[in-house]
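Below, each structure is written out as structure tokens.
Common to both upcoming complexes is subunit A, partnered first by subunit B, then by subunit C.
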Partner chain A sequence: MYIHQHTCISAQQTFGEIELNTVKESVNNKLLAVEPKYEGIPPGILRRMGKAVRLGVGAALPVIKNNNNIDGIIIGTANGGMEDCIKFLNQIIDYEEGMLTPGNFVQSTPNAIAAQAGLMAANKSYNITHVHRGLAFENSLLDAMMLLKENQEAKYLVGGVDEISTYNYNIDYLEGWYKKTATVNTALYTGDSTGSLAGEGAAMFLVSNNSSNAVAYIQAVHSIHTTDTTQLSSALQHFLQKNNIETEDIDILISGENGDNRLLKYYKAIENIVHAPAARYKHMTGEFPTSTAIAVWLACNADKLPAHMFKSGDNEAAPENILIYNNYKGMQHGFILINK
Partner chain B sequence: METMDKEQLKQKLKEQIIQFLNLTDKKPEDIKDDEPLFGEGLGLDSIDSIELIVLLSREYGINIQDPKEGRKVLVDINTMADYIQQHRTK
Partner chain C sequence: MSRIVVTGIGIISAIGNNAEENRSALINGISGISNLEFCETKYAGLRPCGEIKKTTQQLKDILNAHEAGVTRSSLLGLHAFMEACADSNLTPKQIAATDTALIGGSTVGGMCVTDELYHDANSDEEGSEYLASYDCASVNLYLQQRYGMAGIINTINTACSSSANAIIYGARLLKNGLAKRVIAGGTDSLAKFTINGFNALHILSPEKCAPFDKDRKGLNLGEGAAFLILEKEEDAIGKKVYAVLSGYGNSNDAYHPSSLSDAGDGPYLSMQSALQTAGLSASDISYINAHGTATENNDAVESTAMLRLFTSPPPFTSTKGNTGHTLGAAGAIESVFSIFNLYYQEIYPALNFNNPIEATGLQPVLKYQSHPIRHVMSNSFGFGGNCSSLLFSKIS
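Coming up: the complex of A and B.
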């Protein structure tokens, strides 16, 4: 599956004029997205959008506008517009199941992002949202790959998006998934503590079977649920074997390491197999379930990866094979193999 | 029930409309008393009309059941303020 266009809104300068060398710092253990002006979204519609919808539609529109007749919109989001969802649920309690405003409800369901992108582009084709938590984006990619096997000439918009909502932050914080002490993103990997920094963002891709002028090729995607490092190692070896890739063929490992010392064993297990330079990205994006969408966007820009991303080794001049490995909450593991 | 003169009511109503409809680019002074709420004026739409009906219910205890009545009330700030003064229950 070839990637032809890509956009990204994240906590860094990734939309419009891209600047990856300077890292914007986290505030209160959160990496909030740098939102653009959303010039393509009419103000009347924009004011009703929750953040996840804004991020998703804002990243999707430039791709949709440049490509007529997209055959489907496929979005991965673990939580969608959770902030609006909670506002709506709170209204039910506050107003004793009386009159409720429609705005929060319309924006509250995860599929509001794909739906709103479809509505704004007047696109009536396949429109779906995958919500498999930390593997929502990986499953969106798999969906697109399967669709392209059935529809050889088709092109799809595939993306991942999630927002930091108060509700989600508080629940995940209480569960221990975010740092308990003030931690700045530039020192995310130096401490020895549990939890990570909260993040949010959106990345969108135009994909097809057409190799002409493609930016990158997604060779394979695989996911596994396990807490066992031996199983994880076997899964990676099987994945590489199945795709005829030797470990030494991998030029860069893009790693989802997030500063949580409980998850390091998984990343070490992968680095014990793949000895390529390892580039980490969570100090730029923070942790969120569909962060691998941004990792794929970074892979598309692999020749521009800044030095601060590299845990080991250095950026190769023209990396060809890129492996993305991410772990979400110690259970969900995703591999994405990309060729440039 | 809170008592206030009509000018105070209009000012509060404008603030509530900005808050309920998330008109973040507007200030109360940007909304004229006789400016149409829908179409050419403030540019509100049908979803906004439901938000305004909910606003009247929650903030002033006014329940508009008849759509024809709603159309007469939700014309501009003047008509809304007049109706609130006559029908408010809180």
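Coming up: the complex of A and C.
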């Protein structure tokens, strides 16, 4: 599956003018997206959009605009419009199920992002939303890869989006997934504590079987659920074997390491197998379930990965094979193999 | 290419706790719509629903599911999952195998524990046991952990067509050689959240819903779960085979966030593309299990789309009059009903229908009948214009 266009809205300068060398700092343990002006979205519609819809549609619009007749829209999002969802919930409780306005309810369904993109593109083709938490984006990629086997000539919009809402921050914080003490992103990997920083963002891709002028090639995607590092290691070895890749063929490991000392063992297990320079990205994006969409966007820009990303080694000239490994909450693991 | 067949079914809804009870209720025209007894909401006496008359605690006891943080949606899912796996004689080893996939659709997920969610989202006190249970993925992650599943696991949310899309995704995994067997379906439970949401949209009926009736007053929400076991025909030799999943379509209406276009482009296109993938024409369809929510908008638009595609539509009904609208589970529940139509060669009566919609004049089947059936279309349309249609065919 070839990537032809890639857009990204994140906590860093990744949309429009791209600047990856300077790291924008987190505020209050959150890395909020740097939102563009969304010039393609009519103001009346923009006002009604929740943040996840805004980020997703905002990142999708440049791709939609440049490509008429996309054959489908595939979005991965764990939570969709969580802010709207809880706003509606709060109304229910606070007003004791009184007269409510349905706006937040309609915006709260996770498929609102793909639906709104379809609406704005007047696109009546395949439209789907994968919500499998930390593997929502990996499943979206797999969907697109299957579709391109089924429809050789087609092209699809595939992407991942999630937002920080006050409420999912609170829920995940109570569950222990965010840092309990003030931590800046530039020091994300140096402490020895649980939790990470909250993040949000969206990355969108136009994919097809057409190799000419492609930015990158997604060779394979694999996901597993386990808490066992031995199982994880053998899954990676099996994955590489199946795709005829020797560990030494991998030029960069893009690692989802997130500063949570409980998850470090999984990243170490992968680094024990893949000795390529390891580039980390969560100090730029923060942690969120579909952050690997941004990792794929970074892989598309592999030539320009800044030094601050590298945990070991540095950026080789013209990297060819890139492995993305990410772990979400200890349980969900995804591998994405990309060739430049 | 090898056909995709259904080798196991599991279902729980307001009209029965298993496949046999559900079929019997359909034959006898029994409605599961009643006043709410267990789902706590101010609308309990005002908006009848398709409630499963078991408390969450009873479900936990029946299923021996006493892990912390398990929600009603997960319990209903587990109930149907266990029945489907047993029906297809899947061993624990097969369920856990790397070539067994689990694909589930849900829209409510763990949000059924509304009051706990309110607390955990807003309070800085200690969290409840449900912190990891609110999202839609929580259901399938629970099943994955309970059975140690090592294959592909995915959760889909396209609102009311979620589990139809889960079944489509499952079939495509088989066709692409990414799984040898797929457990696909969906689950949703009644929640204060959805009851208030649909009520705010003024589409909840104060009476038992009347799909395709001229004077319909909206939908009844329901709850339930269903799973199908899908395999390639060549892998199912010697097994009981219920039906062939012969076609499917997914299209977007691209019109409005919460209502369908007058012309019904999304429904028309999803039904048309289901016919295309099956290599069938409209006249081949013996029966349609319509989406038929009994809202003003859906039934009018679905009728229009049926008339566009079929000119003279085949016999049809909506089983929402029996179960209520089970949202993310509806596609899977109605797939099981469509499979009954094929396997037992019968059509069940539509409930609460009196007069056809004037503009379209379509009348659903009103009496139980034994009927030769070769191909059944099952429709699921959701918010966001997410329209999906499934086609099931007789095995021989």
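Everything below uses one rule, namely that the second predicted complex is superposed on the first by the 340 of 340 C-alpha atoms of A that agree within 3 Å, B and C clash if a C-alpha of one lies under 4 Å from a C-alpha of the other, contacts with A are read in each partner's own complex, and residues count from 1 in each chain.
Throughout what follows, contacts are C-beta pairs under 8 Å (C-beta built on N, C-alpha and C of every residue); 3 or more make two chains touch, one makes a residue touch a chain.
Owing to the predicted nature of the structure, the values given are computational and were not obtained by experimental measurement.
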Subunit C versus subunit B on the shared subunit A, clash or fit after superposition: fit
First (subunit B), second (subunit C), both or neither touched by A:149: second
Touched partner set for A:43, first subunit B, second subunit C, both or neither: first
From subunit A, separation angle of subunit B and subunit C (C-alpha centres, steps of 10 degrees): 70
Subunit B versus subunit C as contact partner of A:102, first or second or both or neither: both
Subunit A residues touched - subunit C or subunit B, whichever exceeds: C
Minimum C-alpha separation between subunit B and subunit C after superposing on chain A, in Å: 10
Contacts on subunit A seen with subunit B and repeated with subunit C across the two complexes: 99-102, 106
Residue numbers on subunit A that touch subunit C, as the complex places them: 73, 78-80, 85-86, 88-90, 92-93, 96-97, 99-102, 105-112, 114-116, 118-119, 121-133, 135-136, 139, 142-143, 146, 149-150, 166-168, 170-172, 174-175, 223-226, 329, 331
Sites on subunit A touched by subunit B in the complex: 43-44, 47-48, 95, 98-103, 106
Complex interface listing, subunit B residues touching subunit A: 20-25, 43-45, 47, 50-51, 53-54, 57-58
Subunit C - residues contacting subunit A, complex: 41-43, 107, 111, 114-115, 117-118, 120-124, 126-127, 131-132, 134-138, 140-141, 144-145, 149-150, 152-159, 165, 169, 172-173, 175-176, 178, 192-193, 196-197, 199-201, 250-258, 265-266, 269, 382-386
